Every structure is written in structure tokens, then in C-alpha cells.
Amino acid sequence: MALQLEHVSYIYGADTTLSVRALDDICLTIPDGQFIGLIGHTGSGKSTLVQHLNGLIAPTAGVVSYNGRNIWEKGYPRKELRSQVGLVFQYPEHQLFEVDVFSDVCFGPKNLGLPEAEVHARAQRALELVGISEEYYKQSPFELSGGQKRRVAIAGVLAMQPKILVLDEPTAGLDPRGRDEILGQIALLKKETRISVVLVSHSMEDVANYVERIVVMNQGRILYDDAPAAVFSHVKELEEVGLAAPQVTYILHRLAQEGFDVDGRATTITEARDTILRAVRKKQV
Amino acid sequence: MIREITLGQYYQTQSVLHGLDSRVKLVGTLTYILSLFVVNNFLGYLLAAVFLAICILLSHVPFRYMIKGMKAVLFLMLFAATLNLFLTPGEAVVRIWKLQITDAGIAMAAKMAIRLTLLIIGSSLMTLTTTPNHLTDGLESLLGPFKKWKVPVHEVAMMMSIALRFIPILLEETDKIMKAQIARGADFDSGNLLQKAKAMVPLLVPLFVAAFRRANDLALAMEARCYRGGEGRTKMKPLVYHTNDYLAYAVLAIYLTVLIVAGRILQL
Amino acid sequence: MNIIETSHMSYDYIKYDEEGNAAGRTRAIRDVSLSVKPGQFIAILGHNGSGKSTLAKHINALLVPTEGTVVVDGKNTSDAANVWDVRQCAGMVFQNPDNQIIGQVVEEDVGFGPENMGVPTEEIWQRVEESLKAVGMYAYRKYSPNKLSGGQKQRVSIAGVLAMHPKCIVLDEPTAMLDPNGRKDVIRAARALNQVEGITILLITHYMEEVIYADTVLVMDGGEVVMQGTPREIFSQVERLKELRLDVPQVTLLAYELKKSGLPLPDGILTADELAAELKKVGPAR
């Protein structure tokens, strides 16, 4: 059970003189139940890659397969694939359109042709998962706060009960409170449902705190695909491609330069605190 | 797919035509279109075609690029020509079932096809060589006299120029919303007309909301930068006629005279 | 003389029902008194709905206070005759880079403000050139804004304001929609204007890294200014900031955690260098 990309390339405007190679020989496997961070700066090809995952665009070369079956072979039920691989676009609140919150979340499951009772049950479950309580169900989605709107939009995708959830920059434009709410909700969701989550971001701090694997994209290629600590150990290389390691990594590097015996692989505040305490105490002995 | 329509999209290059004042090009295009309707003989069309060919050569816009955009209007042209072919009364040349093709019909269809081709290429030559904002500037200047009768010329020109700036942004937005709704299982392609129209709601509502939000933001930004209508405004790029522009007007006048004189001579 | 002076200003948003009658009032700003000296760099923090954007719109006379006064460069914004002077003096840059560029070519957009002010053509060109150079976008003057990145568009917007020769620029979350590189470029441009040209800057943001260079930081919550001080003073109060659900720079947060674990560190550490120096002092102490 997995989504697999083998040697996938994609060229924009292939038949014109202005063709741009957005993806170049991408090999990537998304297994069940993993929390993956996808990082790259604007124009690195990460948004194009994401649209390959649920068959919104077809690769120019290479194969995308889901559970061993090529999703671009004749007669493949791509509509069903889109319910299995849920994609939440950037600023998803911009797609809200229904008169109330509940109907908007029903849109996805209704398109799958499910019976009404099932549609409602799924919508309710999805709204619960993103922490929107019943008092909001009959409100217009346009009257909610920014963070709430976004959670409703995410529920709209969750209601299709995907096996893989892909979120493109889910915290863009939110304030710290909205950002923490969304990320906390996603982490909780991951824990409760055991679905795979792909979190696309350019914030290293966000990603470092939550994911178990990081894929770094640059110029349409995969630069690193590894555990967070291993990826962030390449501070210099990350900077060369216009990315930065988490702040914490920089602080630890600075301390190491000053002669402190700290573990430079720590990426979160808690890990950093522990390694600094150890280093300082060692010095004190 | 929407972006593939190249008909009349500005083509960036250096040429005599690109350098002309937009007012000259507006007046020129209008004159040319009128001339196509005044003329009613093949010699006239030949002259018009030669004139256009010279202009195209001067514009440095590749002919292939111009033609690429024509595909979209080809259907319209065939339709008009066919209609003329069958419906013009005269001496029958060919009969098919109840329909007949007359000699006058053939002539009419040919004239119509030529006229439309020249008209479309001629007017797209203007937009190919003039940026949209020069065009709006030119329009504002040419329509300036109408301000006396309280016609909101400046406002209309400003609206046109803002619309032109936001069209690509809204197209991109449409594409994004469409994909997002497809990701939620929406189907924009199948079903009958009514179902298709209903399927557009999840696309149109967010699009309108987005357009209004942008309009509101933009109005605020314009106010913050002291915009208060056309009064008391100066221009960063005022329109000024140069020697070439006067020459172009002269050439236009000569073209028109030759065309009319040629028509008269033929009638004699 | 202070460039911005507000005294006991409040602002109510009025909600209208379908007949156009006032149906409800929401107080967005409560009794704010501020004074900003020319050349200062002020940062305003607060989460969405705290009233910071409403406050910003008052500086540019896009809104006028319901109660109290706002005086910009000696001119009361409530007096309709002053509106255009105030807007020329205090320029404004907004959040969404796509929704504030009017021109279809970069240089034409920068010229929009001076055109509105009736500046003679030749001087417009001069101002456009200077402004684009000041934000490092001169090379892109012939580009269509649609071809630029978010950070570049925001710098064009700053140039557009700069061309109006303001004494003060209000930036309302200019980096919220940008990626890290774009964010850095925009902040660098704003700091340069402050330091080189001496323009007063009011920066509204929720990214803490952008705040540490400010002279004064204001924290808003529920329409009121709840904290005010230098960045170090503000970030010394980690608990209070957490209560307000605002971020703290990662170094400050780390130092705070270390202190809680028993290391004798001072409050309000803002850079990695400071942390290293303080930790060195700790080392051999015991």
C-alpha cells in the first residue's frame, strides 16, 4: 500500500520555445502512516510534484503508481484516487463556496456518490478532527476567522477519508496562534487516524517539530530524503540552495564553535536544551 | 488552455510600428477597417492586402505567430463564407439538393473571406505592436474631447488598464480553484448542459469572492497613494507626436486616397 | 515635534443591517496614545484581530478615529482638508503583493503616486529611478509585475510609496505571504530606508526575527497597547508573550528554557552570540 513515483519528469509548455523543466527524474515512495516534510524554496518544483500525487497533472516521463497500479493507465479510476490522496492547496479557504460550513464539507463525499447518511457522518467526523464544534455548522464559512476558515477547508478534504493527506503550505499567511492551531491539529490527526501526511513548507521550524522524514527539493530534483537530523546536518548545502536550517541548528553550531561539546543534530528547542545542559554540566564537573 | 490564445497579444520587439504613438495606431486601424468596408472590388482588396503586408514586414512580428492566433476565428470565417456562398441570389453554377451556389455567391463569399482575414490581421497588428497601457493612454487622449459632455473618459481608461493587469491573475486563480475542486471530486467535464452549469457553482462563487476581495484591496491601495480621479494628475509618459507619427498619418492619407481613386477609375 | 501623535484614540466598526441602519458596534481600538519621533523604527506585534491593522490605517487617514485624535506631521487626520497631505507624508504598504500594484510595468507602478500628486513628468522619472534603486529593483523597471516573485513585488510597492517622498512608511504585514528569502529582502529594504534616508518606519508583523532591530516594540491585544518597550524588554517577558500566544525568537526561547532548567542566565537574550557569551560565564562558575 503506497504511492510511488518512478523517474518522474515534468516539463511545462513542452511544445513551445518557453518550456521549463519543473521536475527532473524524481523517485519517491510514500508508504502508509508516515509523516513527511517536503521542503524547497519557491520555484523548486514542490507544488508541481504535489499535483502529481493525486493525478491532477500527468508526468511528461516516468510512472506514478498507487498500490502497484499505474494511475495513468487506461480506465484507471482517477476520481477514486483523488479521494484516497487528499490534496489541500495553498490558501484552501479560497475554495469555500457553500452557504454554510457543514454543506461545504459535504461537497467532497457527495461527489463520491455516497448515501446521504454516510456523507453527513463523514462531514461531522472531519469537522471534529479539525476541532470545529457544532455551533459553527450552520454559519457561513465567510464569517469565520482566518484560522477557522482554513480548518474548515482542510475538513472538506478530510471528509473524503483519504489514506494520504497532502498539505501545501498549510500555515501560509496565518498568525502564530493560527499556525500553532493548524499544526497541532494536523499532528493530532496523524496520531488518531494513522494516515500518511505530507507537509509542504518552507518553514524549517514547523517541519522539524513534527515530521519523521524530510524531502528537500531544489531545481526540480530531490536533494535530500532522510531523517530531519541528517538533513539539517547539511547546513552549508541547504544555504547554498536558498534554504536555511532551523534557528536551533545555527545556535548549536555557534556554541560548538565556542568550544561547547553540544550535539549539533538537535533540531527542536527541547532537544537543544538537553544537549546544552549536558555540555555545560560536563564542563562544570 | 486559456493561455494558448495568442490572438492580438503584445509581441515584444523593436520596430517602426512598435515605436509609433498609440493614437496613430488607433486612428490607423480604424481607418483601415473602414477602408475595407468602403472598397468593394478586388483591386481595392489587393491594395489593402499589399498595404497590410508592408505593415507586417515593418512590425518585425513573425507572420507565423500572427497566424497561430487565427485558428480560433477560422470557424467564424468559414461560417460566414458558407452562408454567403449559398444564400446570395444570382445565376446558379452548382445545385446540391435544394441549395444552389451562384456566381454572385462565389464572389461574395470570396470577398467576405478576404475582408474578414484582412480585418482580423489588421486589428491584431495594432494590439501586437502596442502594449495595453499605451492603448488605454491613446484611447483616453483621443476620447479626451468627450470629457466636455461629462463622459468619464479617464475612469473608463483606468478601469480598462486595471482589468488588463488583473486578467492574468484571475486566470491563474481560476486554474487553481478548478484544480482544488477537482481534488475534492468535482467534475467539470461530464453531464448534460444543466449539470455542467451546476458544476460551475463551486468554481464561480470562490472566483467572485476573490475578485471582490482584490478589488477592495486595490481600491484601498490606490487611495493610500493619493489617487482621486483624473483631475490634477500629471503623466509619467505623456503622449507626444514625433516625426515618424506625422509621417505615418501622411502615409495613411496617401493609402486612403489611392484606394478611393483606384475605385473610381475602375468604375469608369 | 513628533511625526505621529495619537491621543486617546478609539475606533468603532459599525455593522449595518439590510436597511442601512447601524445594527452593532465593535470597538477595534481602545484608548491608544502613542508618540513616534522622526527616524524611529517601530514594530507592532499582535495576532489577527488585535487591532494592529486598524491602527495602521489611521496613520494614513484611510480611517479616522471615532474618539480622540491622530496627528501626523502636525496635521489632524480628522480634518478632511488634510487627507492628501497626510497620505503623502505617511505612505502605506499592504499585505498582499498582488493587490496593490496598479501599473502593468514596474516603473509605471512606481510613478503612480507622483502622478496622482501632480508632480511634473521629468521629476517623476527622477523619483522613480531613485526609488527603484533604493530598494534594489532598478534592473526590473521594464518588467511586468506578474513576472516578479512575492518579495520583489513588495519591494516595488515600497518603491511606489518612496516615490511620493514620505516622511514615514507604514508596512502592514508586508511579509506574511512571502517565503523566507523574500521576507529577508523586504525587511532589509525597510531597514535601509530607516538608516540611510532617516524615514520613520512602522512595521506590523508577527515574525519575531523582524522585530529585534526595532527601537520600540508595541504589543497589541484586544484593541489596546498591552506592552511597550525595547525588543529586549519585551522579549524578557516570555511568559506574558506566551499568554498572548505570540512567538518568541528561538534563541530567546532556548535561553528561557535553559534558565528554567537551572542555568543562571539573564532575561531577554536576542542572539546566538549573546547566548554563547552568557553560557561561557556560566561554565566555570560552580
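A, B and C label the chains in the order they appear, each numbered from 1.
Here is the rule we go by: a residue touches a chain if its C-beta (ideal position, glycine included) is under 8 Å from a C-beta of that chain, and two chains touch if they have at least 3 such contacts.
Please read all numbers here as calculations on a predicted model, not as lab measurements.
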Top of the farthest list for subunit A, CA-centroid basis, is B
State the pair with the higher C-beta contact count; candidates are A-C and A-B. A-C
Using Cα averages as centroids, what's the distance between subunit A and subunit B in whole Å? 44
With chain centres taken as the means of their Cα atoms, state the distance from subunit A to subunit C in Å. 30
Please name which positions on subunit A make contact with subunit B in the complex. 51, 54, 56, 79, 82-83, 86-87, 89, 92, 94-97, 107-108, 111-112, 142, 156-157, 160
Taking the touch rule as given, give the residues of subunit A at its contact with subunit C in the complex, in rising order. 41-43, 145-147, 172-178, 180, 202-203, 205, 242-244, 246-248, 250-251, 254-255, 257-258, 260, 269-270, 272-273, 276-277, 280, 283-284
Would you pull the subunit C residues touching subunit B in the complex into a rising list? 60, 62, 84, 87-88, 91-92, 94, 96, 98-105, 107-108, 111-121, 124-125, 128, 145-146, 160-161, 164
What does subunit B use to touch subunit A in their complex? 173, 176-177, 179-187, 201-202, 205-206, 209-210
Of all residues in subunit B, those that touch subunit C in their complex: 131-133, 161-162, 164-165, 168-169, 213-214, 217-218, 220-228, 232-238
